[in-house]
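Two complexes, one shared chain (chain A), two partners (chain B, chain C).
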Partner chain A sequence: MIFADNVDQPPLLRRPIVFIPALALLFLALLRADPANWPLLRGVLAAAGLGGVLGNGLAAAAVCVLVGANAYVLLRLPVRWQVAMVWVELTLALAALFVSFDLSYAFIRRKLWILVSIGLVNTLLISAVSIVLAFILAMAGAVAKLSQNGVALGVANFYTSLFRGVPLLMQIYIIYLGLPQIGVVVDAIPAGVAALSLCYGAYMTEIFRGGIESIPRGQWEAARALGLSPGQTLRQVILPQAMGVIIPPTGNQFIAMLKDSSLVSVVGVWELMYLARTQGQSEFRHIEMMLTASMIYWIFSILLELGQARIERFFGRAHAR
Partner chain B sequence: MPGETSPAPVEIRALGKWYGAFKALDGVNLVLSRGERLVICGPSGSGKSTLIRTVNALESFQEGEIFVEGVRLTRAPETVKAIRLSVGMVFQQFNLFPHLTVLENCALPLRLVRRLPGAAAAERAMAYLEKVRIPEQAAKHPAQLSGGQQQRVAIARALAMEPKLMLFDEPTSALDPEMVKEVLDTLLALAGEGMTMAVVTHEMGFAREFADRVLFMDGGRIIEAAAPTQFFSDPQQARTRAFLRQVLRRD
Partner chain C sequence: MVRRFAAVASIAGALLAAAVVLAACSPASRMRPADTFARVRARGVLTVATNAGWQPQGFIDDSGQLAGFDIDVAREIARRLGVKARFQTPDWSVMTGGHWRGRWDLMVGSATPTRARAHVVDFAGVYYYSPYVFVVNRMSTARRRADLDGRRIGVETGTTSEDYIRRHLEIDDPSAPAVVYSVTPGQVRTYANSMMPFDDLRLPAGARLDAVLAPEQTALQAIRSGYPIRVLPGGYAFREPLTVVTDKDDPAWTARIRRVIAAMKADGALRVITLKWYGRDYSS
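Here is the complex of A and B:
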């Protein structure tokens, strides 16, 4: 959280200059919208004998009052409750959107096991292996970039430049389709893992380098004066502290990688996105499969976020004052 | 002299160092003898910190020679390691490892460098924390300690490696005034045990009480070196007198 001042700034939504135009815009938008979109409200109004323009206006006004009342209640809750309420309301809104798609839940139920047992397992496998390899590559890349050795520096520079500069999709194609040209035949899953690790390792190299450079020189000097070797200094003194700087952006990378692993589907790996596309095709139930796969990605991203928060707390403890 | 039966802890001959075109050290000659307590003072930028940091290879130099315990300092890893093992150093900013507890700060180098098993390392680390009178803080992290306590931990960490001499680079300059005394008292206690010590400091009252010899540096050169009684009562050089007028006005 931003370091709080001891001043009660009025929340944005409580300022008339914000909420009056916002409600006015909402009212106008609802007035122009088709009341058929709100069957429940229309039914109530029709039962009361109110239709046409007057009915529309009343319906729009009713929604505006509901939205206003919701905001009024929300602004008076403690912060934790506000967060929880917002999550509940936005989740319901998202669910309402999905319900309006008229999905076949029977189809989802029938296909869910295939998506999870093969697709999700492969997605998690590919992501987990790639994350570990990317971590190792990034560590090596960062150390090379910080070294005085021109060869190591050159290799690391070239590597990060190439793999950050070329689309991940192309990297997958090149490794899967290009390498056989020189006699190296790679299976689809190893090719995907290689491309993901190389690409994310290149991004994470910069994160690791920044983390290592953020540690004050005095830490290096103290370790050296005590006789620690360069490797001991890095492993025991510098990296444990740099982790506090490295973890938050690395967690971001992991979440992004989980979803970028779907690109591996282009070479026919039976991961989550591939199965979602192919399973939906048989009965033209694309939306069902895509939404299900998306929700599975989201759930696992949330799990990664929670894991990241735990690790951040673990590495942040030394700096607590 | 190097090569003789008992070499001086530190011998520096015609030492010269440049930062680009700026000459930070200029023809410095210095012999530190066993058990000697040397104080180095001088205005900021005079090269006093640079001088003691060249002794354990935290700074490079271009001219002259340094011998530590008779070993000539080169850039060879084994030589540098041997010299760093015989030299303990305490920094202005303490430079404790913030991710480790106080005890782990002292025990880590014992395990990694002296190859002591964990229990023996912890035991020796604890003994040195008792020596600087803060064993009760052993389980805390450095950030939970006052500046004076942190600096005493840094002294214990260096001493636990059992070096043959100790270098102090402005050990009280980053401290609040009320914490300076506890650190200087620790240095005085150490001096009482015969440790060879070189201290860069602006604390002239301490220098008078502590030192066998006071060195005044300016412009990368040693301007004057004398026993404290003579140094403070009858300085020979005009620059020394000007410097002392400046700093003693504060005391």
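Here is the complex of A and C:
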């Protein structure tokens, strides 16, 4: 949460000039919508003998009242409860959307174990190893980019330019298909891990460099004046402060990598997306498999988000009140 | 002046060193003939590239194991070579691009011996023929193949069905039956995989597609899975020969596999496997 500004104006959604037009727009949109999309409300109204335009208007009004009441209650809750309630409501809306696909849950139950025991294990393995390697590469790259050594600078510049500039899919193909041409036959998983770590290492090099550069030069000079060596200065003075800048975009990269690991399926790794595609295809149930895989990816992204929040709190403790 | 000369000399020296390093690393082994059979025998394993998303040719069953027609054929070939088969499932374009450099010994993945493909890989022999049919929505008014002239036909892109509908199917196999083109589509819609055309075809008749050209097996599988579609009567559009593929670097290995497949055809092993997976004899 950003710093709360206590200027005495009502919050946006409580101003009549905001919520009255918003509800009016919702009402008009619902009036034009096909009532067949809300079978429940229509059933209730039909039972009451109300059909046609009048029934439609009543249904739209009922929905508007519900939405308004919901907002009224929400706005009067404490912030933590507001967040929790919004999550619950949006999750229910998403679930309603999925239910409307008319999914075969028996099929999902039958295939879930394969998706998890083979697919998820491979996805997590690839992502975890790549994340560690990318972190090391990025650290080395950032130090090289900030050094006075022209060779290190040139190598680091070339590295970030090439691996940020070439599509990740191409990198996977180049490593998997190109290396055998010079006599090195790499397996699918090492090739995928290499491509993912090189690509994300290049992006994260820039994040680390930016984070380190965001610390004022005076800090380096002061640390040197106190007799710390350059390595000590970086580890004990600069990085602890730079982490606050580095962590949020790095968390982004980790979440993106978790999902980009699905690209290694092109070289035949049985990871989550590959199995979701093939399992769905063989029995014409791809929507089931795609949704299941998406939910698994989401759950693990949430875990990464939670981890990121903890790490942010740790490195942000200097600014806590 | 002297310093500038030294700088120029050291840059030239560095470039020379770089050139030497690059030359040393360049692929000198490009033309080395491989002895695939010796490698396979030494390892006791035949490494086979195949598909895992194409029932019943090759798919992952409920226990997480590969199964299917191609898998059984590959296992039988390995058995006759006295080794075990091990499978890898890369993307189709990766397998059929050639230049395997020993990564796979064989590809058993229902590949068509087209003329373009013959430039990058070798064909070790046709092992079955897959008939293609036109499929329409159950509500469609089309009764004969002629009814599809001028309509929208869906095909999987980069496959024989697309080549057929665009009328440039070139099969590099003297034993294959001659191809007769029959439908003049109004529009060809291509899809990234074999199932997406059926997803459009299942929508109310004519919403996105009027017909799909696909292997009979894929169509029957979709019908068994409850898709509201039917096969258009009037016989097969064409029969596609499908071959085992080898890398180009070892003609002796290709010849050995060709003998194995000929033997499997002669003693009825292929007939048994096609009957098991297709319910029909597709082996001749």
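The rule we apply is simple: the second predicted complex is superposed on the first by the 308 of 321 C-alpha atoms of A that agree within 3 Å, B and C clash if a C-alpha of one lies under 4 Å from a C-alpha of the other, contacts with A are read in each partner's own complex, and residues count from 1 in each chain.
The rule is simple: a contact is a pair of C-beta atoms (placed from the backbone, for glycine too) under 8 Å apart; a residue touches a chain by one contact, two chains touch by 3 or more.
Note that the coordinates shown come from a computational prediction; the quantities given were computed from them, not determined experimentally.
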Q: In the three-chain superposition, say which chain, chain B or chain C, touches more residues of chain A.
A: C
Q | First (chain B), second (chain C), both or neither touched by A:Val245 | A | neither
Q | First (chain B), second (chain C), both or neither touched by A:Val264 | A | neither
Q: Once the structures are superposed on A, label A:Ile118 by its partner contacts, choosing first (chain B), second (chain C), both or neither.
A: second
Q: Check whether A:Gly218 is in contact with chain B, with chain C, with both or with neither, and answer first, second, both or neither.
A: first
Q: For A:Gln236, select first, second, both or neither according to whether it touches chain B, chain C, the two together, or no partner.
A: first
Q. Given the touch rule stated above, what does A:Val185 touch, chain B (first), chain C (second), both, or neither?
A. second
Q: Would you sort A:Leu228 into first (chain B), second (chain C), both or neither based on which partner it touches?
A: first
**Q.** Intersection of chain A interface sets (partners chain B, chain C)
**A.** none
(Q) Quick check on the complex: what are the chain B residues that touch chain A? (A) 56-58, 81, 84-85, 87-89, 91, 93, 95-100, 108-109, 112-113, 141, 143-144, 154, 157-158, 161
Q: Within their complex, state which residues of chain C touch chain A.
A: 25-27, 29-30, 49, 52-55, 59-60, 62-64, 88-91, 94, 97, 99-103, 193-195, 198, 221-222, 225-227
(Q) Residue numbers of chain A touching chain C in their complex, please. (A) 110-111, 114, 117-118, 173, 176-177, 180-183, 185, 188, 265-268, 270, 274-275, 277-279, 281-286
Q. Chain B touches which residues of chain A in the complex?
A. 216, 218-219, 221-229, 232, 236-237, 240-241, 315, 317-321
